[in-house]
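As written, the chain order gives the labels A, B, C and D, with residue 1 at the start of each chain.
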Amino acid sequence: MEILSFVYFGGAILLSALMVVIFKNPLYSAMSLLSMFAHVAGLYVILEAEFLAGVQLLVYAGAILVLYIFVVMLLNVQTQGRVLQKQAPVVFGAAVVAAVEVAFLISRSHFYPELPPVPQPGVPPLGNTEMIGMVLYTKYLFPFEIASLVLLIALVGAIVMAKGKLKFR
Amino acid sequence: MVPLSWYVGLSSALFLVGLVGVLVRRNTLVVLLCIEIMLNAVNVNFVAFSKYQHVIDAQILVFFVITVAAAEVAIGLGIIISLFRLKGSVNIDDFNILKL
Amino acid sequence: MSFYVLIPLLPLIGFLITGIFWPYFKGKGHIVTVPLMIASWVLSLRAFSETMSGPSVHLKLFDWIDSGSFHVAISLMVDHLTAIMLVMVTTVSTLVHIYTVGYMKDDSGYDRFFAYISLFTFSMIMLLMSDNLLELFVFWEAVGFCSYILIVHWYERKPSWVAANKAFIMNRIGDFGFMLGILLVYVVFGTLNYSEIFQKLPAHIHDSINLWSAFNGTTHYSVITVIALLLFVGAVGKSAQLPLHPWLPDAMEGPTPISALIHAATMVTAGIFMIVRLNPIYNASAVAMSVVAWTGALTAVVAATIALTQRDIKKIVAYSTMSQLGYMVMACGIGAYGAGIFHLLTHGFFKALLFLGAGSVIHSMSGEQDIFRMGGLSRAMKITFATMMIGSLALSGIPPFAGFYSKDLILSEAFQSGPTGHIFWMIGVLTAMLTAFYTFRLVFVVFLGKENFSEGEHHHGHEGHAPHESPLVMTFPLIFLSFMALTAGWAGNHYDIVGFLSQSMTVPHPTARPELSEDSLKAISVIVGLVGILLAYFLYAKPSTVPQRMAHQFKRLYSLSLNKWFFDEFYDLVFVKPTIFLSFLLWKEVDKGVIDGIVNGVAEFCQTSAASLRRLQTGQLQNYALVMAIGLFGMVSVFLFIR
Amino acid sequence: MTFLSIPILTFLIFFPIVGGIFLLPFMKMKNSDTTVKWVAVGITVIEFIASLTLLIGGNPGTFQMQFAEDHLWIPFANIHYTLGIDGISLVLIIMTTLLMPMCIFTSWVGINKRVTEFMIAILVLEGAMIGVFAAMDFILFYVFWEAMLIPMFLIIGVWGGPNRIYATIKFFLYTLAGSLFLLLAIISLYFEGGHTFNIVSLMGQHYSPIFQDFAFVALFLAFAVKVPMFPFHTWLPDAHVEAPTAGSVILASVMLKMGAYGFIRFSLPMFPKASVFFTGFIFALSLIGIIWGAMMALAQEDMKKLIAYSSVSHMGFVTLGIFVFNAQGVEGAILQMINHGVTTGALFLCVGVLYDRTHSRLLSDYGGIAKVMPVFSTMLVIFSLSSLGLPGLNSFVGEFLVLLGAFRANAAVGVIAAIGIILAALYMLYLLSKVVWGKYEPRSWALPDMNRYEWASLLPLLVIVVWLGVQPNALLSMLHVSVTHLLGQVSSASPLASLSGGF
């Protein structure tokens, strides 16, 4: 069952990722990406990261991609001329080599077997979301604050740039 | 039980697909989308290892990656809009004004 | 401080006052310098009289250079040699100062001129009073500078500054040798002080030096000979000996008073003074002595032959100066230092006289210098004629004039100085005849015969009347100098000047002279002189075509003499042109071409290679990313497969 | 010793720099040029007076560094702010401070755009130059050494002639390329010499012969460019020709001395064995430089180029004197440095006087100026004569001592060097003949005699030219102890038997 769902989600992820690259129209690419995000979220569920799966759907699919689609439709660019760069053949060649390398690397690598869950005496096992909450607000509190700052800056930056009053030379 | 190496393989393949997309597409918007693919490839890896090693911290990292991705998209799209205003194009090879 | 300091100091003060405030004098420059000069002259007479009786004076003024073991002080030394030279120098200088008042009247550089002749006199006095080689060298060059700046007095005329440059550079070449001599003296003796050098001389007399050690040569030379010859190079330059003489005749482009003072009586004799001053060194080297003697003899005769055909009144006198300097150098070369100095002194008086007389002629002719455009001047310029006559007789060695005694002494000493001495004697006699001939050629052409100038032709802008006698300020020095030319020789002979001078020489002069040939030798030189005068009379006193015909007959000899043996042309061809050509060639081809070419080439290489590398920088972000990716996977491959 | 309660050397370095900073507001002001010039004159004159206190407070009887200051500056690499001077640096510092007011006077007419900036550049340059002479920490030295380049780069590049960009970049890159070798040597010395940059303690070390050779060559490249020695000299004529008068003066008088100072301060005492080893090489380059510079000067039509090439010739004497390793040679070389600074500086000032009137430096545009500018002509003649080494004026003593030292070390070297003196007469008299003598032909420009600013810039130099010619001991006496100590450092490390050629 698990293997089956992995094959499904993995295959769908790869396929929609390829579609992103292949589609000429950016709108279609964005839609394929939506599919990929959804399937990645599914994969997270298999991996018992339910909170992340939710975040993936909410943030990526719900926020980021919508933003994309807004922009794509706002700009409404007609794709003219080549879709691919001139260097595409080189890239494909390099990609094949890289794929072989990675495959070789993975086949050569030794992965540790799955560790047995550490029983925690006296403490009731927590759900995924609670655990993330616990760690995020204790151990990673400072990076969390920084992340918020990053978002703030991104917010400000995006506004400043999108306003377009700045004069580029 | 799915072996860990499958996940690694999946994430590598996804990463490569994203990378190829970044390198070959002329449309800046699509390049940005492909960057998201690459980020997701990394995230998949993180989550897989988190499960197999029982380390919750990896998921926190994914959380941060998503945060940064959000920020990046906001800024990136802002830049693209500015560039579009400037050049009337979103083709990446039109943006070579840094070159002498 | 004793009064000796004042002798050089007074002219120096004169120079400083006139030199610094010259714009304010406005043609009154003489009111400061002339009295100071007279005072200096009086003091040098006193110095002379004190030295006659007392010991030589030695005063240290101040330490000049101290560096490591090297110490040089500026000092004053007055011994017999210095004292007697001082008298001559200050006398001539004073007279020239006075003469200048008349001669340079109305000249725009009047005050400047006084400043410089005072500076010259100061330098010359210091040169005479120096007690070490470096001090000598300093003032040696200083008088050279004064000569330069005075030759260039009329700087607007091209010949002036060409001549001045020539004088300075030729002297520099001489000084090059002189300086090397000084350096070698210091290296060998460890001191530059005369008395200390002479003290240490015996210890080093057999030292030898390997001149080519830097080039792995093995030949060794006697150190003393090398020193003597190097120092002599300086004397050759300063005293206008062959082959560094061409500057002296050209120096006549300067005003006549300085020709008389610097280029006849004083500065040019510095070379002879130096040799005499360093006589122990020269005595220690037979090779150097014969080189000196031969140089002098050749100069004497070559200069005399050139003087035969010159037309410029000052050039004739200049070549005669050169010839007489050759005499003195020859005298030094045969060891007759006393005779050389004696001739130097008498020559100083009568040659200054001749120059000032020539100046008086030029002055009255308003600048004309060609003797064949004068003539018959004896009627208008009686004093000048008389004094010039006395000077010429003295130069020709006719008794009882000064030249007779001194020249005769040199000739007899030459005759007695061994087998080569006879050759020198013969050269001397030949020169004496030539001297008498060209001197009286000058006198007869200028003062006798018919007037070869038309009235008013040379008087543009001037008074515009016939040649006139010069004013008293100019004739007074002439008269004074004729008096000296008359008496100096007799007095020198009578009071045994040679014996007097020998007191300041470490090697005593041999006093025992064989009396045998004296009178016949004297007779020969006098007869020879008279022959020369008579020859000149027949050829030039009356209008005659003989000279032209002779010139035609001996065309080559005539042209050799007229063109001064082609020395100038030779130097121009061998040294001047190649140097300039080489400089330009090296500058254009090597300095700009090769050296700078390499520098610019390196820069250009960087630029072109950067320009081609710049194309890698496409400005396409994806190119960069691709290269990064390839690099990354390349590194992975390296990590994987080439471990 | 302090000045206004600041340690004197620090004061000397930073007073002009701070002064320059205070001038900054004038940049925006209108009609402030004259004020700025007077302020700059005031600063440099105060600086000069302050530097004279070094003379009063200094002890000529010791070779120890005097007026020493030492503060830790950058702790992790043991870099200190160390200052100190001995007799050699003392005379160079005083020469520098003396020349600066003259540079400002000579710019009075010639510089009329961006006056404030120019004065700031000059003042900052002065501070950096004094810093070079006073620094006793190698890194500090290097900082000043490079800092000096920047204002000079600007002075040539902004206020220079038509080809100024080429000249200034050539100057900058050439010197910088040399300096990088200096940095290399400094860093390697740090590791070889016990992790310190203190110059005095680096001198006390013994280095292996191989290291000495390499470090010497590195230092040589840096200093030879600056001097400049023979094959590295081609930046000099270009820089001089394009630089404004003040720039030429500073370049010739002070900057060229840095190279020679480097040889004396670092190469000799730190690498005595290598110095002896490379003596023949340096002799050869110096002699070629002496003759070469003189011959090049003969071929010039441009007055500034002529004087620039004559500098190459004169500096050949300096390097020659330094490497003969005897008291006369080294003292003569230092004296020659000062003399060259004064004389050549004065000659450049003279050219500047002419250039301000005519805007031409070509010899063929002049002739007979003695007629219209008698006082100036007198000055020019005296400085030219000083340059060609007339005894009684300053240059003679230095050249003579160098020749004496060279002759003692190796007779042939002395002889060849002496030829340079003949050639010096050739090119200086050539200059005089073309400019001062001859018939004056009126041109489109007026040639009034010197104004009071030109008087102010030339008269002090004239006095010094004569004074040093008559009383060189005044300067030499400051050098004796330092030079003796220096020679002791060299000879203690290596016997000089191999050098006494000639006999």
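Basically, a residue touches a chain if its C-beta (ideal position, glycine included) is under 8 Å from a C-beta of that chain, and two chains touch if they have at least 3 such contacts.
What you see is a predicted model, and the numbers here were worked out from it, not measured in a lab.
Undergrad: Of the chains shown, whose Cα mean is nearest the mean of all protein Cα atoms?
TA: Chain closest to the assembly's C-alpha mean: D.
Undergrad: Would you mind pulling out the distance in Å between where the CA atoms of chain B average out and where those of chain C do?
TA: Spacing between the chain centres: roughly 95 Å.
Undergrad: Please work out the Cα centroid separation of chain C and chain D, and write it as a whole number of Å.
TA: The mean C-alpha positions of chain C and chain D differ by 37 Å.
Undergrad: Where the centres are mean C-alpha positions, what is the separation of chain A from chain B, in Å?
TA: Distance between chain centres: 7 Å.
Undergrad: Taking the mean of the C-alpha atoms as each chain's centre, how many Å separate chain A from chain D?
TA: Those two chain centres are 67 Å apart.
Undergrad: Give the residues of chain C that touch two or more other chains, as numbers and ranges in rising order.
TA: Within chain C, residues 620, 622, 626, 629 contact more than one other chain.
Undergrad: So which bits of chain D are touching at least two other chains?
TA: Residues of chain D touching two or more partner chains: there are none.
Undergrad: Could you pull out the residues of chain B that touch at least 2 other chains?
TA: In chain B, the residues touching two or more other chains are 19, 23-24, 92-93.
Undergrad: Report the complete set of touching chain pairs.
TA: So the chains that touch one another pair up as A-B, A-C, B-C, C-D.
Undergrad: Applying the document's contact rule, which stretches of chain D touch chain C when the two form their complex?
TA: 170, 173-174, 231, 233-235, 292, 295-296, 298-300, 326-328, 331-332, 368, 370-371, 374-375, 381, 385, 390-392, 396-397, 400-401, 403-404, 407-408, 410-415, 418-419, 421-422, 425-426, 429-430, 432-433, 436-440, 470-473, 476-477, 480, 484, 501-503
Undergrad: For a test of understanding, state which residues of chain A touch chain B in their complex under the given definition.
TA: Residues of chain A touching chain B: 2-3, 6, 10, 13-14, 17-18, 20-21, 26, 29-30, 33, 36-37, 40, 43-44, 47-49, 51-52, 55-56, 59-60, 63-64, 67-68, 71-72, 74-75, 77, 79, 81-85, 87-88, 91-92, 95, 98-99, 102-103, 106, 109, 111-112, 114-115, 117-118, 128, 131-132, 135-136, 139-140, 143, 147, 150-151, 153-155, 157-162, 164, 166, 168.
Undergrad: Going by the contact rule at the top, pick out the chain A residues touching chain C in the complex.
TA: 85, 87, 90-91, 94, 97-98, 101, 104-105, 108
Undergrad: Can you list the residues on chain C that touch chain A in the complex?
TA: Interface residues on chain C, with respect to chain A: 620, 622-623, 626, 629-630, 633, 636-637, 640.
Undergrad: Which of the residues in chain C come into contact with chain B in the complex?
TA: Those in contact with chain B are residues 614, 617-622, 625-626, 629.
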